[in-house]
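Below are two complexes that have subunit A in common, paired first with subunit B and then with subunit C.
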Partner chain A sequence: MRITQGCFSFLPDLTDEQISRQVQYCLEKGWAVNIEFTDDPHPRNSFWEMWGLPMFDLRDAAGVMMELGQCRKVYGNSYIRLSAFDNSHGWESVRLSFIVNRPKDEPGFRLERHEMAGRNIRYTTKSYAVDRPEGGRYG
Partner chain B sequence: MDLDASPMTDRVNLREELEAVGSEEILTQLDRELIGLKPVKTRIREIASLLLIERIRKRMNLTTDTPTLHMSFTGNPGTGKTTVALRIAGILHRLGFVRRGHVVSVTRDELVGQYIGHTAPKTKEVLKKAMGGVLFIDEAYYLNRPDNERDYGQEAIEILLQVMESQREDLVVILAGYGDRMEKFFASNPGFRSRIAHHIDFPDYSNDELLAIAELMLHDMNYKFSDEARQAFIRYIAARVTQPLFSNARSIRNALDRMRLRQANRLVADLDRMLDADDVMSLQASDVLASRVFLKDKS
Partner chain C sequence: MPPDLLIPTLPTSRRTQQEETKMNQHSMTIRGKERYKSGVMEYKKMGYWEPDYVPKDTDIIALFRVTPQDGVDPIEAAAAVAGESSTATWTVVWTDRLTAAEKYRAKCYRVDPVPNSPGQYFAYIAYDLDLFENGSIANLSASIIGNVFGFKPLKALRLEDMRLPVAYVKTFQGPATGIVVERERMDKFGRPLLGATVKPKLGLSGRNYGRVVYEALKGGLDFTKDDENINSQPFMHWRERFLYCMEAVNKAQAASGEIKGTYLNVTAGTMEDMYERAEFAKELGSVIIMIDLVIGYTAIQSMAKWARRNDMILHLHRAGHSTYTRQRSHGVSFRVIAKWMRLAGVDHIHAGTVVGKLEGDPATTRGYYDICREDYNPVRLEHGVFFDQNWASLNRMMPVASGGIHAGQMHQLLDHLGEDVILQFGGGTIGHPMGIQAGATANRVALEAMILARNEGRDYLREGPEILAKAAETCTPLKSALEVWKNVTFNYESTDMPDYVPTPSVAM
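Now for the complex of A and B:
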């Protein structure tokens, strides 16, 4: 099951040229574009690991694309996303983030039912991928 | 380079193309604002012409590889290497060979780290900032410290070389430094020499050129020489050039700054006088002649 989170996730995967133009848009807005990766696909997982250092003061998307290339070499079979951080006063938060790389095979989620007192049921979603330990989740 | 595919053309009007690009404007500005430096200007003109033709060739679908544009500027202190680098960035940007046209100017400090594993991220960060523009490495020979084998400079050099080769269309690297030391630097790093297409040597200025530079600087600062002051300054230049630590235009700038100090002091000394614009603008012979350079001359 293809996970959809962040911008553009209902579109077909962006090509490198499209990614590069999105990055350029962010840079021209003065946002810092950073690379993050994870192998835990749960939508509430907000702790993605950062690839390298935050990249402030870039002028051209080529620098981000170079890092993305290197990140893909190492974590090519994980989720990688770009996030654009706006440090201007009043925002100081992420303005845009989108997935640029996903595993070849996304096994999807199962629904778990937790039976409570009085025939109540609580539901939770769990990815099949996280059944395996970290690092070995996507083959 | 251009993301919009341009239609294939077989006839191009060179003049129109030149005007559309607007590099001629920068070149004439370069001629006007930089005094002397004949060989440098000729070389830059050659490069600009090559790039213009390359641009037209691309439009005619006669594709070649992106030409290597990395340069090395050698010359004595104060001969205008940094100034020219800024202009080059403008020209390359107009011609579309760098996308943004900004210059990131760095020295060894910004590239080389202090401990193991510190250098690579530092160098990469600088490279990323410079992408789409020009990376100007001043006093590049300091990158390499052959006397210290545990120095991390070599690591920075390797990363630089790799990016200079693989991302030629994203980044232009300009190395600058004094002639003899750059020579040694290239001798110990043959990889650099072969990756740099344009070696440009900046000659020293002649005394007349130095005077012209001084006049131009004064004009920009809204000052001027009186006639006697100009004569005195010609003698000043002749004396200063022979002294040690002479650094061309930079020495001239410093000399002018000191003369402004003396002029201000002279004007303040006479509090009862009414000043007009001409008084505060002109440097007198006495402001020039008070210089230490003349003292040494006499003794």
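Now for the complex of A and C:
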């Protein structure tokens, strides 16, 4: 299973050079790039852990790539994504977000169905990985 | 009818340029006691033609394209439009004197001949804010287009554009969700969203219908969509559709780890039925519902308020709009409908594809998209935008491009429509030779490859076909989509285009 969140998940995994060009695009737009990681990739898990603060006032993608390298050293078997934050009025949110690191094995999700009154079903999406405690989910 | 309207004046085709520029020069308003003598009087003398009037910041301004009957004075025709869309009736009434009549009279303050269109005139008419009820498109439209479009002295009349003052904009809720919050809720940033309308539009059972939804979403689309006429028919009761669609959405969500949605069309014969369907969609956990434009402005506003209260994205299908938006000389321009819908509070609106099968000149379509998405629209005559429009932080509406588009056009779509748009490939997904999932994957891969290339600074419009061919090397579904639809284009002349074309200026 391959989680397809983010902007480029349907393409072959991006090389560091490709990632760096996307980061440069964001920096040139004046957006702050943020590195986040998680071992709970539930589609509604909005808040992945932050690897430091968003990198404001940065001009060169090399800074982000260095931090990404550090993050991978520690969380190389987790999901890592880059998000670019635009603080201009009327937007003030994420402008681009894409996955740059995945665990070796992605077990995905199971769908639980609770049968309710009538033919109504209450659905719950559960990650196979989160049955194990945080930190030990991807081996 | 005032007698002057029946007396032929100089035929417009014989008017000289000098005479045209003289059109706007003097007021003819009769004042004092004479103004209220019983009988008929020309509209231009009753105070509906005021060339010296300077519109207030709080005035609503409407721009009409007026085509007077042969021999009718264009100034009188324009004044008549102002009169009939505000306080006037065909004869003088003394009861005007019980009111602050001068304030309530709409004032035509400028009439320009339409470039290259003999016999047509642009009339600018200002309306005082007190003429309108707060937060009511029904009231606004009843005033501006309620009566005057059938007026005999006019051959044709079209409402081209409106300037809505901030004071009025602020009385509306606006889009229930807006582009930014929709993206946050859907967790999708940096690329257009992808959708598909389930086909065939009619005849599928709920179970078969849900199959199409599941395949398309699992293949990589963000949304699927009911068509405008899918409500509750003998072949598929609405509850069947909702139940099977939500099974499909949840299954695809678990299979991809992404948030997915399907626009459940709640359009029905009564408000009570629509609320019932919307409540059921909410109970099932849908993130989005859908309505058709034909339910009417008040129903749309009610559903927008419901959507805001219930954290639901509201999709509007502009069913029926072409009956009055398409012809250039008569009706209401779609840019006005788009403005009304942003006030009314829908989150999605179909606004044209440029390259697809439905009407849409590139410059005019650009104007619609700006109206949906920008916080401030400056005058852009070349896009058909006649007024500066301040939206005062009202949420943005997501435009939807749907109808006859396919993966092979991805570079053109991105160039014309930008990033904040939903690209809907119905046939272009479901008609894929390898199946629906493959069709969806082809579209998603084409889109991601194009965004990647754009962000890398490549000239993606020119290199588009190359970029797609390269992406197809590792994606058989895309390869096959490019092959099947390689020669499909819809090149017909548009019926609605801007009247002003930019001309290169001389460098100083």
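In this text, the second predicted complex is superposed on the first by the 135 of 139 C-alpha atoms of A that agree within 3 Å, B and C clash if a C-alpha of one lies under 4 Å from a C-alpha of the other, contacts with A are read in each partner's own complex, and residues count from 1 in each chain.
Convention: a contact is a pair of C-beta atoms (placed from the backbone, for glycine too) under 8 Å apart; a residue touches a chain by one contact, two chains touch by 3 or more.
Nothing here was measured: the structure is a model prediction, and the numbers come from that model.
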First, second, both or neither for A:Arg21, with subunit B first and subunit C second: both
First (subunit B), second (subunit C), both or neither touched by A:Ser97: second
Partner chain(s) touched by A:Pro43 [first = subunit B, second = subunit C, both, neither]: second
Subunit B versus subunit C as contact partner of A:Glu67, first or second or both or neither: first
First, second, both or neither for A:Tyr123, with subunit B first and subunit C second: second
First, second, both or neither for A:Leu11, with subunit B first and subunit C second: second
Touching partner for A:Arg59 - first (subunit B), second (subunit C), both, neither: first
Subunit B or subunit C, by number of subunit A residues touched: C
Overlap of the subunit B and subunit C footprints on subunit A, listed as residue numbers: 21
Residues of subunit C touching subunit A in the complex: 180, 183-184, 187, 189-191, 220, 243, 246-247, 250-251, 253-259, 283-285, 375, 393, 396, 441, 444-445, 448-449, 451-452, 455-457, 471, 474
Residue ranges of subunit A touching subunit C (in the complex, touch as defined): 1, 3-5, 7-12, 14, 18, 21-22, 25, 41-44, 46, 83-84, 89-98, 108-111, 119-123, 125
Residue ranges of subunit A in contact with subunit B within the complex: 17, 21, 52-53, 55, 57-64, 66-67
Parts of subunit B lying in touch with subunit A, wherever the complex brings them together: 3, 99-100, 102, 121, 124-125, 127-129, 131-133, 163, 167, 170-171
